[in-house]
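Both complexes below contain chain A, partnered by chain B and then by chain C.
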Partner chain A sequence: MFRLAFLTTGKAMNETISTFKRSKYFGYALLLGLALFFWVFFKILSPHNFGTSKLMANYLQTSIQYAVGGCGFYFIVVMGMFDFSIGANIVLSSLVGVLLSRHFGYYGLILGCVLCGTLIGSFNGFLYTRLKIPSMIVTVGLMLVLESVANYVVTLDSAGFPGKLTNANVLAFNHAPWNFIAAAIAFLLMGFILRFTKLGTYFNAIGSNEFVAKSMGINVEKYKFIGFVLLHFFVGIMALLTVSYGKGMLAVTGMGSMSRNFKPLMGTFFGVAFKKYGIPVSAIVIGEFIITLIFNGLVALNVPTTINDFVTGAVLLAIVTLTNRGLRGSVVK
Partner chain B sequence: MKEVVLRSEKINKHFGITHAVKDVTLEFYRGEIHGLIGENGSGKSTYCSMLSGIHSITSGRFLLEGQELNIKSLVEANLHGISIVVQEMGTLSGLTVAENIFLGREDKFMHGFIKDTALMNKETQQLLDSYGLKRINASTVIDNYSFEDRKLIEIVKATYFEPLVVTIDETTTALSQNGREELFAIINRLKESNKTVIFISHDLSEVLAHTDRISVLRDGELVKTVNSNEVDADDLKRLMVGRELDKRYYRTDYDGRVSEEVVLKVTDLRVPDEFEHISFELHKGEILGVGGLSECGMHELGKAIFGGSYDRTGIVQLPQKNAYINTIPEAIRHGIAYTSKDRDNESVVLANTIGDNITLPSLDLLANKRVLRKKKLQAFAQEHADRMSVRMTGIKQYVFDLSGGNKQKVVLARWLGRNSDILIFDSPTRGIDVKVKADIYALMSELKDQGKSIIMISEEILELIGMSDRILIMKNGQINGSFMRNEALGEEDLIAKMV
Partner chain C sequence: MKKALLILFSLVLVSSLLFAGGSGEKATAAKKPLIGVSIWSSTDTLGSQVKRILDAAAKALDVNVMYVDQGHISEQVTASAETLVAAGVDGFIICNSASAEMTSVINTATRNKVYTAQFFRVIDPVANPNEHALAVASPYYVGSVHEDEVDNGINLIQILTKKGNRKIALEGWEAGDATFLLRWEGYRKGIDLWNAANPNDRAVLLDPQYGGTTSDTGRATAEAIINANPDIDALIVAGGGGDTLVGALAAIESLGLKGKIDVVSTDFLADLDEQLATGGMAAESGGHFCDPLFAFMMVYNAIKGNYQVPTDGYYEILFPYLYVASSEDYTAYAKYFVDELPYNAEELRAMGNMSFAELNATAEKLSIEDVISRR
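Moving on, here comes the complex of A and B:
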């Protein structure tokens, strides 16, 4: 009798554990556990140069700008697409925002960044859906075009450092609370779109099986277009934060903007990996924070940049691989 | 007098040169469970896919309650009161259970562009509870559930809105005994509420036990509709098979002599959830047929022998070469060839030329000190394409332009070029016309005469009987019967071991 009761309790316990492991709480526990682990790790190795409350606030401020871009990226990555023109859009939208801020102050800065970003997204989406060629190819071409346009835009203002526009008079978004407010609006908006509109469901459906999505009556081309528009809307907000943090923006050429793609993308990887727990937005935000912790931890240890990049990349791969193991033999593209 | 709820009139479906459904005229009564049976490729799933808007109709029409249907998607079918639970996975990863169930039908939860997710989850949970699936959480991402649970969720999705006609296409094979009981409880509930269920299954006892009438399809044509209580499994088998054996294409020799020499020895081979305890020997110059129902594990067996299955245990040995096969490169190096049933995805590279496809596995043989010469590659490809009589504009033609039969010829040319000694052909004549079929059978006989050994996995019984020296029949992942080549061997003998 005792044994039977024990077995029944054991079965119930297993069921409870299994349910917990599928829940969002487990996802949060994993993410926060990882953040705590890396904080403790680097704090022990570098007690004075890492992880003080002031520095933690700085890490958070740094990570939120990438998290905003990561949220935008999520919309198209989850549909199996990619966009190389994010960095170029950040540069161009920032420059347009700065130029408009000269005449319209903060209104010009915000609208310039966000509207320019969104317009570029509409153009990307239009070209992708019309040309019917892979998103990577379309967006590499657009990246080159946008970089060239940015170089032209920067010549519209002859004052200051050559090739750079500065926005010394509109810097509210380079510190709290306005940077947090802008980022929070972006995170809430993304959460809202994923949870309270059809878009989130349809983006996932298209990414899971486009044929089935089509046969369910979903207009796949339309939602891919919307995905691009949303991505670049968020990139516009990221541009607002980036140009404020940097107090200006330098125009680049020769695919120099490409490196700006990858930090937001790292957060997106976290979002995709933790999608199964139903917490993609939180995963992007906390994921970016973890990446920033690792990066700054290594800086605190005076690790050379090349090693820093290596370790950050390796940790990212390890986390995403361990949390997102597919079926053996399944095709991963 | 029973009321006809659904009627199909002269329904036809062509896939390229394949005439999958031919002039099917059929009536379904309100409140009946109607079985639809037939051999693999008889057109059952295609017929129901047209009814559900998954495939378009080539000609003919469906009439639901007297009104002609013009359905282009599953959602449109649902709106007309028709739904289907498909054979393959029909739920989408990354979506919650609730999102899957209401995909494409979210409008009832929309306030403008805002979705009332809480209400959708609540309603879904109530639905799941009413189906006895309380263990499934509506707001959980569906990836967290097993294949069986996902199948049950799909059944809820297909039936919750009280459709007039529900098709259950070969779903029971994915379910355990408990799952099947849950499914039949749902089917009976639909019948009690005067809905019509079209039930497709290879399990004849299941079909007989749960249906009112049964329609039999063969080669895309309707053979007969019978009352379930007036027939038995043998009657159904006769109706499914019931044609004269057509031996024109097949071998005419019946001496069944093969060499004593064992070229391949398979010992206790197992792939979890696919098959287990498979042991046999393949002799030099032997055509060994492997047959069974589609899901019996035979297709995975071919892949496993070739080293292409994950989690495989057991031994695949080449006794003459004292070699063991565990990976695909080892298999190719030791002269084993494999053609998959899934030709487009696993055999040919569609976006490559015929020449590139033929030379692909032989590049190491054609390289001169690791350097490939274009002329040599072209000559090689041309020689083997000509040998297989591939109908093409040239070897630079892309494979995606070719018909199914010619694609198969390209695959065969590839392995002939490699001069493989053991050939594993999975469904070698699937979906190809009679002329190419005859060419492939002739090639198999020629290869046999050359001392090559062939494992032919096939869902076509006539092909197995007509071409094999020996036939192994698989059922539920195990060998359930073995037959030597002889003139008296009939289709019924094989079917009896399959079902």
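Moving on, here comes the complex of A and C:
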């Protein structure tokens, strides 16, 4: 009798633990635990020049721009697609925003960045869905096109400092609170879209099995197009934050914008890894913060940037591997 | 739909051919020399200044000019030489990233009988003996125009230490870049010289962190450096085309440290006047955007047959840096180097007929006073 009660209690406890392990609270605990782990690690090694409350706010400020881009990336990555033109879009949208800000102040800067970004997304989505070529190939071609256009746009900027935000009257997004406000709006919007619209469900369904999604009556092409538009809308917001953060943008060619794709993508990896806990937005934001934390921690230890990149990449792989292990025998695409 | 898009793309391609044909027709009517420019970026702060002076020279000499941006990425640097040769240039000037790239660049030039010269760069015969030997022997490697980067580094450290700075941080742009390595050597020598002369008042230079060539990465790296070393009193932004410096200054401003951390650099900003006046910058060395002009003139003269390119050496010009440490300094600089170019069309045409000795002397004496004396 006693044994039976013990077994029943044990089974119930196991179920409770198992349920907790699948809940969003466990996901939050895991993310915050990781952030705390790295904070403690670097704080012990470098107690005086790392991790104070003021510095933590600085780290967060640096990371939010990438988190906004990471949110956008999530929409297409969950559908199994990729976009190499993110960096080129950031460059072009920023330069359009800077150019328009010369004439229309904040309206020009904000609308220039966001509208240009969204239009590019529509163009990408249109080409991808119509040409039926893999997204990687389409977007590599578009990256080259957008870089060329950006180089043309910068020649239109007749200011003495082309591509740079020299006017102090349009620099609100360069610092708190407006950069945080813009990012928070983007995060809330992302959360709203995923939680309260059918888009999130459809994106996941398409990502899980496109053919099944199609047979369920989901217009796959339409939602892939919407995915690209949403991605680049968020990239437009990222462009606004990035150009404000650095007070300017540099036009590049020859795939020089490629490296800009990867920092937002790192956040997206966190989002995808923590999707099972139902907290992709928080995972992207905290994930980008963790990456910035590691970067700053290594600089505090005077580790050269090259080794810093190595450590950041290795930690990212380790975290995603540990949190997103596939089932035994499952096929990884 | 696919057919419609294919037709559209075909039309775009055909129209581009027509445009190319149009310019080619003009070119063949009176065959102008075509000189290529392989540059890290023709649109960033320094790159756009370089483009401005080269465009003026090309116009004055009635030469066509073609730019290829290579981002200082090694494989793109070597590919840029091949691209320019394929485009039919008669010669090209190049700002490489690492000296190792010059083997491929010089071989491309020699194989295709196209003249080439380096700007902002020189091949160190000790560190890169093979590349140097190749450059010396090539009948198409005209030479190089470069600055004394080590001396520049020493001078900037002297400016900082004389201002009372003792803990100096360093932000580079790319690990292994040939110019950065020379400047870094200069900074270290400057520190050694100061410490040898002032053993009881020593200065320290921190190891470099690399901020890339964009303003946002420049700011993130500068913030990380300052957060990690809150007691620094100076920051050297070694270069990177100017955008790294723009980002670093934004970082200092956002942290409320403007005027508290002395910043020196080697790329002149368009708003340097304001930065000097408000304490954003302590001093800058620069004005070297005319360096590529002399490399351009060397290649132009080689194409015209005015310079015989030796096979036991090459032409070399050591270009002087200008140093600006106050708003007054900058006012004079801005008048003769920013608002207008330091050479007018007539002077640029004259340069196209100078002997190498005269060209070298012209480069060496370039200064604000020199420009004033010619106006």
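Just so we're on the same page, the second predicted complex is superposed on the first by the 323 of 333 C-alpha atoms of A that agree within 3 Å, B and C clash if a C-alpha of one lies under 4 Å from a C-alpha of the other, contacts with A are read in each partner's own complex, and residues count from 1 in each chain.
One rule holds in what follows: contacts are C-beta pairs under 8 Å (C-beta built on N, C-alpha and C of every residue); 3 or more make two chains touch, one makes a residue touch a chain.
Predicted, not measured: the structure shown is a model, and the values here were computed from it.
Engineer: After superposition on the shared chain, which partner residues are touched by A:Gly191: those of chain B (first), chain C (second), both, or neither?
Structural biologist: neither
Engineer: Tell me the contact category for A:Gly256 with respect to chain B and chain C: first, second, both or neither.
Structural biologist: Only chain C; A:Gly256 stays clear of chain B.
Engineer: Just to be sure I read the superposition right, which of the two partners does A:Leu131 touch: chain B = first, chain C = second, or both, or neither?
Structural biologist: second
Engineer: Under the stated touch criterion, which partner chain does A:Gly313 make contact with: chain B (first), chain C (second), both, or neither?
Structural biologist: neither
Engineer: Which touches a greater number of chain A residues, chain B or chain C?
Structural biologist: Of chain B and chain C, the partner in contact with more residues of chain A is C.
Engineer: With the two structures laid over each other on chain A, which partner does A:Gly141 touch: chain B (first), chain C (second), both, or neither?
Structural biologist: Once the two structures are laid over each other on A, A:Gly141 reaches no partner at all.
Engineer: Chain A residues touched by both chain B and chain C?
Structural biologist: In chain A, nothing is touched by chain B and also by chain C.
Engineer: Can you name the residues of chain A that touch chain C in the complex?
Structural biologist: Touch residues, chain A against chain C: 46, 49-50, 55, 58, 62, 65, 130-132, 151, 154-155, 160-164, 166, 174-175, 242-243, 245-254, 256, 295-296, 299-302, 304-306.
Engineer: Please give the residue numbers of chain B that touch chain A in the complex, ascending.
Structural biologist: Within the complex, chain B contacts chain A at residues 53-54, 73-76, 90, 92-96, 99, 103-104, 106, 110, 113-117, 137, 139-141, 143-144, 309-311.
Engineer: For chain A, which residues are in contact with chain B within the complex?
Structural biologist: 19, 22-23, 78, 195-198, 201, 204-205, 207-209, 212-218, 275-278, 328-329
Engineer: Which part of chain C faces chain A closely enough to touch in the complex?
Structural biologist: Against chain A, the touching part of chain C is residues 1-2, 5, 41, 43-45, 48, 69-71, 73, 76, 175, 206-210, 213-221, 223-225, 227-230, 241, 243, 246-247, 249-250, 254-255, 269-271, 338.
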